[in-house]
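The following blocks contain the structures, represented as structure tokens.
Shared between the two complexes below is subunit A, which has subunit B as its partner in the first and subunit C in the second.
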Partner chain A sequence: MKGWRPPAPFLLLLPAVLVLAAVVIIPLILSLYSSFTPFRLTQPASLFTLIGFRNYVRILTDIEFWTAFGRTVLLLTVALNVEMLLGLGLAMLVEKATRGQRLLRTIMMFPMMFSPILVGFQFKFMFNDNIGLVNNALQSLGLTDQAIPWLIDGSLAFFAILVAEVWSSTSVFAILILAGLLAMPKEPIEAARVDGCTPWQTFRYVTWPFIMPFAYIAMTIRSLDVARAYDIVKIMTDGGPAKRTELLWTLISRTAYADARMGLANAMAYVAILLSILFTVYFFRKLSAARTQIAAEW
Partner chain B sequence: MATVSLEKLVKRYGSLEVVHGIDLEVADREFIALVGPSGCGKSTTLRMIAGLEPVSGGNLKIGGRVVNDLPPRARNLAMVFQSYALYPHMTVRENMGFSLKIAGQKPEDIAPQVEEAARTLDLTHLLDRRPSQLSGGQRQRVAMGRAIVRQPDVFLFDEPLSNLDAKLRTQMRVEIKKLHAKVQSTVIYVTHDQVEAMTLADRIVIMRDGYIEQVGTPEDVFQRPKSKFVAGFIGSPPMNLKDAEIADGQVVFANGDRLPLPARFRDRVTAGQKVTFGLRPDDLYPAGHGIHSGEDADVHRQDLRVILTEPLGNETLVFSDYAGAEWVGRMLNPRRLSPGEALPFCFDLSQAHLFDRESGRTLRG
Partner chain C sequence: MNENAKARINGFFLSAAHKIGLFLAMTVICLPGLWIVLASFRPTVEIMAKPPVWIPQDLSFDAYIAMFSGVGQGGIPIIEYFRNSLIISVTSTAIALAIGMAGGYAFARFRFKAKSSIFLGLMLTRTVPGIALSLPLFFVYSKLGIIDTHFGLITAYVALNVPFTIWLIDGFFRQVPKDLAEAAQIDGCTRWQAFWQVEFPLAGPGIASAGIFAFLTSWNEFALASQLTRSVNSKTLPVGLLDYTSEFTIDWRGMCALAVIMIIPALVLTFIVQKHLVSGLTSGAVKG
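And now, the complex of A and B:
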């Protein structure tokens, strides 16, 4: 076989393509395929029985799945909004700082440096009903004399998880919005002040439209994240007690490993990915709209 | 309807004082131009008037009321920024109507005012565009429109034309002049283009290093500069300024060349006094090519060698060598000159200036 040789770019890219295929594409296809089988880890042979959409149909009627789904969306929505507001506030405060701004920026990034597992443990300890800091503080302040069961009561546990999530990720918003504030030209703000705006009106009509795209970038990034909110929940409550804080991803991992129903779990995972994609697309649209609005050059 | 008074106005950034207690009275409907070299504090002064910079000392009054501590929105003025500072996310229409909207006017009341201003500035066809879709000159007009729509007591301009090309600048200069005639507001206009200052202003304020050097009408500052600095700053090309000494009733330059002492300074100098002699290019011309005939009593004739010429069409700037330095003269009805050529020049000493070399102050009464 002489004559034809693959072109050089193709040859040069081939190793990368092969590695990508091995670690990304093949597992992806395999998992998608397995979501159409009754695959159980304990019965490898079941991987080769196709059952069509039966897993998906099952999910659609599974109340447990939809509860977890709803809870995830709720967590996502509340967390993103709270993070957005806190991040905005933090960014505006830091932007006002005339001295030590660098230091503040670095400190602001601290939560991002912690692994979510650590954050989970940290908050699990803080919200512990017997030895936790939170109860201790509340009791010392005389606000309550009971041990509040933070991680045991369903809605309290949801709140505790939310706090942990917000703590670890507000900085994403703060950093991106701060970047927006620092990149913003100062003259339109001055023009607004001369045009008669109160500080609030200046923010509302001039500053906010300008930093909105940055907030949406943060939203987009975070919407990918929260749909994967596994680690913190896993450590803090593991979906419990009695599935009262079950989120999509704890449910999926339980289905896959504890119940060993890999096929069903993969089907759930694809539905969850769909949710994540929907959020991302939504924020991405908002982002492009906001960008055109301020005629951004990026 | 507003006067603006600066009384011993001071601006400090930390321990650095950049405006040193300046006094200025701006009459109602007056057009004042603030000029001066870069960094002399023009923008800072303007921004204090606007309320964008806190006043560090002295009093600032608008319409007789002390406004030192009032925010910009309580001062009812409009400002046109050098960078235009349009709101990038609003259309031209929204930009121009923004201040009215903030003031709480109804949309149906705002629209006609915006359209009226747009007509004045020839912006009607651009009303629905965003600033990013406009050229520099158009943005400049929108910035002006935004200011006009407010009908403010005082207009503040900070080098509004400096980002435009020469032709557009000339055109907008005329527009601003017409506009002022029409709206009849008080205007404070910062520029470092002295042509703008001379053509637009009722009075010119020349600043230097945070002090006011001179305040006067364009004729005043051109014909009767109070200091060497003003003399050199106003006029283009700048006045010839050469150091000299008074001896034997003559002006003696460093290399020994001498000119007669101009008549009006005869009683004002003493022998041995160190001075700076000033003569505008208009008053130094090849014989027969000047504004005046060159036959007047106070005209001194002298042969000079031409170093270089700059033909401008209707006139030629002639650089020639005298008293060991380079002097610029202006030649009307020019003919072609070649470098090295020597020809008789007229020094119109009736128009000459003398400044004290130490203080830089004029020696005339």
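And now, the complex of A and C:
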């Protein structure tokens, strides 16, 4: 015996913990502190005045903030559900393909290669009321004779953002679910078929429980990373028209950089972080449950 | 009509529907990208034309020539941006994968105290939106003097990607039956050998997709890069994209050309890593 050695998992996790502490935790403690100050970028000295919870009280009574908050939750909910369904469909279509699967998979990942900021520009271009692809196509096909103000009308702009968001992120679901489908052993499916299951039953009771952890991984990754939508919204509408597509993140960046009220923005950022944590914890629970179920059945 | 013929007709329609569905899905996925590629070859007049010009009349490489012709002649320092992006993305992906493999293996194979809380805690560091992280990070980095360096951005991206990679790799290690590594150890492998000879190849698809994710995240990241970079020393391509916008106008053609430049390496890399996605797990692991 060589004396005490640190347990293996401790050593294996140490690098991850160190990096995350240095780059995320310490800066966040700083920003938590500054959310209790009236810190403005233009007045560095204001970083050292404490004002207690005044920033938080202010945003929690602000109707503009709550509107943006509600809109963000709505966008998250709709986008994640649509992406999940489309991703599942896409993965199953690709898995069924007998030829050219490799090419199909590469094409499927195509939107993931686009930077969100690029997706924003691209859809801004396509939904442009004057020269955009969407309006040009609709007009050439004779479906409408006037230009639809996609990015100018509030709810149409929300829809356009949703389309951009779904286009760019469905492939995250598709590729993870496909990885699950490929990792899945074929015997249970064959057994189910021999036992006389209909295709729907096979899917519902054999395939679905198996790929569920993969779907939840995708869900959680997406809900973690959904702040990427900031880049898209920032470019497409920048929260406009008249703040009708303002999301939590565009509001934060406007408060921080345009109004230079960093303390207030940091307070908002903490609410945004809390929202992400809520989504993440929810899906994480679901993920563990799905995993336990698989472990029990195997 | 007998049952065989019925089944055959059914099968025919199903496969036709499958092909049509696949084709439609792929069209929707590809069209916006192809539109970008096409626009990068078309003159601005044609892009802006009303009524629209559907069939390209005049294709040229003008946008690319302009882009590479250097600053001041309608170009941007594209070579420097590209180099920065490549160095930063590849290095941070490699480091994140190494750290992620260690972490993912720890979560998949060991029991320890407060395991799920630690796991959740690691993941929660990823929930911090880039925009919320950018300012405090900027302060810390300027105190350390690593603003506008490769090192600063690489560190940030490693931290950004580690939770992702741990998560994915953990999930894929769990899919590898424990018995395999144990069998290898009984056959005389050390735990280290068992990992590299048995579990690593089987978890290959997961590690490959984690790598793709990490690379694409770093390659495409904008919110942090726009704050932590200043000059051609470390500006990445997504930040460079903004060189094509001015207050009231957007040079669509130039931007589309840069977009194509950005997508090509991602495409190539994805295609190379592709084959690892299928291999491994599906072939001859422990049955049942």
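Simple rule for what comes next: the second predicted complex is superposed on the first by the 267 of 298 C-alpha atoms of A that agree within 3 Å, B and C clash if a C-alpha of one lies under 4 Å from a C-alpha of the other, contacts with A are read in each partner's own complex, and residues count from 1 in each chain.
Methods note: a residue touches a chain if its C-beta (ideal position, glycine included) is under 8 Å from a C-beta of that chain, and two chains touch if they have at least 3 such contacts.
As the structure is a computational prediction, the values presented were derived from the model and not from experiment.
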Of the two partner chains, subunit B (first) and subunit C (second), which one does A:20 touch, if any: first, second, both, or neither?
-> second
On subunit A, which partner touches more residues: subunit B or subunit C?
-> C
Given the touch rule stated above, what does A:206 touch, subunit B (first), subunit C (second), both, or neither?
-> first
Is A:57 contacted by the first partner subunit B, the second partner subunit C, both or neither?
-> neither
Counting only touches as set out at the top, which of subunit B and subunit C does A:191 meet: first, second, both, neither?
-> first
Name the residues of subunit A shared by its contacts with subunit B and its contacts with subunit C.
-> 185, 187
In the complex of these two chains, what residues of subunit B are touching subunit A?
-> 50-52, 71-73, 77-79, 81, 83-89, 98-99, 102-103, 130-133, 146, 150
Which bits of subunit A are touching subunit C when the two form their complex?
-> 7-10, 12-13, 15-17, 19-20, 22-28, 30-31, 34, 89-90, 93-94, 96-97, 101-102, 104-118, 121-123, 125-126, 130-131, 133, 136, 139-140, 167, 171, 175-176, 179, 182-183, 185, 187, 213-214, 217, 220-221, 224-225, 227-228, 230-231, 249, 252-253, 256, 262, 265-266, 269-270, 272-273, 276-277, 279-281, 284, 288, 291
Within their complex, subunit A touches subunit B through residues 185, 187-188, 190-198, 201, 205-206, 209-210, 293-295
Subunit C residues touching subunit A - in the complex, by the definition given at the top = 18, 21-22, 25-26, 28-30, 32-33, 35-36, 39, 47-52, 54, 98-100, 102-103, 105-107, 110, 112, 116, 118, 120, 122-133, 135-137, 139-140, 155-156, 158-160, 162-164, 166-168, 171-172, 174-175, 205-206, 209, 212, 216, 219-223, 237-238, 241, 250, 252, 255, 259, 262-263, 266-267, 270-271, 274-275, 277-278, 281-282, 287-288
